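Below, each structure is written out as structure tokens.
The same chain A turns up in both complexes below, where it pairs with chain B and then with chain C.
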Partner chain A sequence: MNNRLKVLRAERDWSQAHLAELLGVSRQTVNALETGRYDPSLPLAFKIARVFDQPIESIFSE
Partner chain B sequence: MQPKLKRLLVLVFLGGLLTGGLSGLVGFGVGHLAASSPEAADRIAVFEVVGFGVFGLIAVGVSLWISVYWMRTIDEAAREAHKAAWFWGGSGALLLGLPLMLIATLPQTAEWSLPDWFYGRSDPVAHAALGAGVLLVLMLAGYTVAWAWWWFRRR
Partner chain C sequence: MTVSSRESSRLPRRLLTAFGSGAAIGAAGYLFGRLALPGLIGPDAFDGVSVRWSDAVAALTGVALMIGAGAVMVISLDPRRLGRMYGLDEPASAEEGRQVRLQAVVMGFSGLILVLPIVFALAGLAGGLAMGLIVLLFAVHTVLNVRVWRGVDELLRRTTMEAATATFFLGQGLLFLWAAAERLGVLPPLTAWDIYAVLMTLYLMVSAIASARRGLA
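Up next, the complex of A and B:
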């Protein structure tokens, strides 16, 4: 699964640590998400969508 | 690191120190008592076995409580890493015991002697404990390798 996490984070000039804090996960998890090597659970995906104020389908794609 | 995890680590560290200190004191007291008279040593022998058993059960309970708390506190990716480490590393390493068991069924191995790594003892109970210890070490090693590999692949 692909995602636009890194782009969205860069647009907001957030660090991985800051995004991790907003999502309530570790910085390592944010890194794994951004590199596409870890697919989030549905609850975490919804949380990510809320943090970036975007629909899930605009952040994640197959 | 999350504050809850930091608190848990401090608690485990202090708890370990306290338990170690208390165990040392009790061990010193019991050892001193047993050394002072053979009758006293005979009388407390059964309590030592029961005491160790109870201590072991309490240690298992506390370890489980810490593990549950830990798993509930870490995030989902860290939890996945532990699940993968348990399944692939722990179970994979456990399977390494299978060839040993197969070899042990052969009559040729009846004369083999095991190393006396368990406090220099070579009685059946020591051998059973040695087998359990070897499997534990294998599983922990497998768990650690699988856990590190999971994160390495997702760095």
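Up next, the complex of A and C:
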């Protein structure tokens, strides 16, 4: 699966720590998501979409 | 720009180097014990000492876990180094360091309780007392394990479940083949200790690979 998490975070000038806090996960998880080492659970994917105010399919793609 | 999970799931070189180094050190230790040690402490020093192949496997895995725990503990004391290890954009926080140290304690504890039955048996400690100590340490280990599980998020939980699943399928496959061979009289019977030593070694290897693939090692 592909994702645009790092770009979206950079556009908002957020640190990994800030995004991790908004999502309620660790910075390791944010890093693993951004580097494509981990695909999030459905609840976390929805949370990411809410935080960035974008539909899931614009953040994640096959 | 997008990032793909397929491209990033290869086994890191760092883990392969660690496995290679461990194998080289293990081979050197074996050769030392086999060839040089009898000359140093006397050729009869090990007479009467009953050590099974599974004791060697368990000892190797237990020591590897304790060394790994020590290394993680040292790294956790340096926030910058810990941050680099996890690929974070800033040094690790005090809370992240604390969480990693708790995980290191559990890892070291796993190694300790794997080695202790061998040590107690070789030291001739009374069975009841030795078993009581092991049960006590196992209870402490379980409490620590639960604390780690409750303190981590879905990344570490999923990594743990993946490692457990892979270990189950590999372990049951190996056990089935051995059990079939044993039933047919082709291979000798196994003890519970033999099975446990292999299972823990398998779990250590699988969880190291699963963690490395997620950027956790």
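Just so it is clear, the second predicted complex is superposed on the first by the 62 of 62 C-alpha atoms of A that agree within 3 Å, B and C clash if a C-alpha of one lies under 4 Å from a C-alpha of the other, contacts with A are read in each partner's own complex, and residues count from 1 in each chain.
In the analysis below, a contact is a pair of C-beta atoms (placed from the backbone, for glycine too) under 8 Å apart; a residue touches a chain by one contact, two chains touch by 3 or more.
As the structure is a computational prediction, the values presented were derived from the model and not from experiment.
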item: Contacts of A:Arg27 with chain B and chain C, given as first, second, both or neither; value: second
item: Touched partner set for A:Pro40, first chain B, second chain C, both or neither; value: both
item: Per-residue touch tally on chain A - higher for chain B or for chain C; value: C
item: First, second, both or neither for A:Ser15, with chain B first and chain C second; value: second
item: First (chain B), second (chain C), both or neither touched by A:Ser61; value: second
item: Touched partner set for A:Asn3, first chain B, second chain C, both or neither; value: second
item: Which of chain B and chain C A:Val51 touches, first, second, both or neither; value: neither
item: Residues of chain A at both interfaces, chain B in one complex, chain C in the other; value: 24-26, 28-29, 31-32, 35, 37-38, 40-41, 44
item: Residue numbers on chain C that touch chain A, as the complex places them; value: 1-9, 86-90, 93, 96, 99, 152-156, 158, 213-216
item: Footprint of chain B on chain A - complex, ascending; value: 24-26, 28-29, 31-33, 35, 37-38, 40-41, 44
item: Partner chain A, residues of chain B touching it in the complex; value: 74-78, 80, 151, 153-155
item: In the complex with chain C, residue positions of chain A that touch it; value: 1-7, 15-17, 24-29, 31-32, 34-41, 44, 61
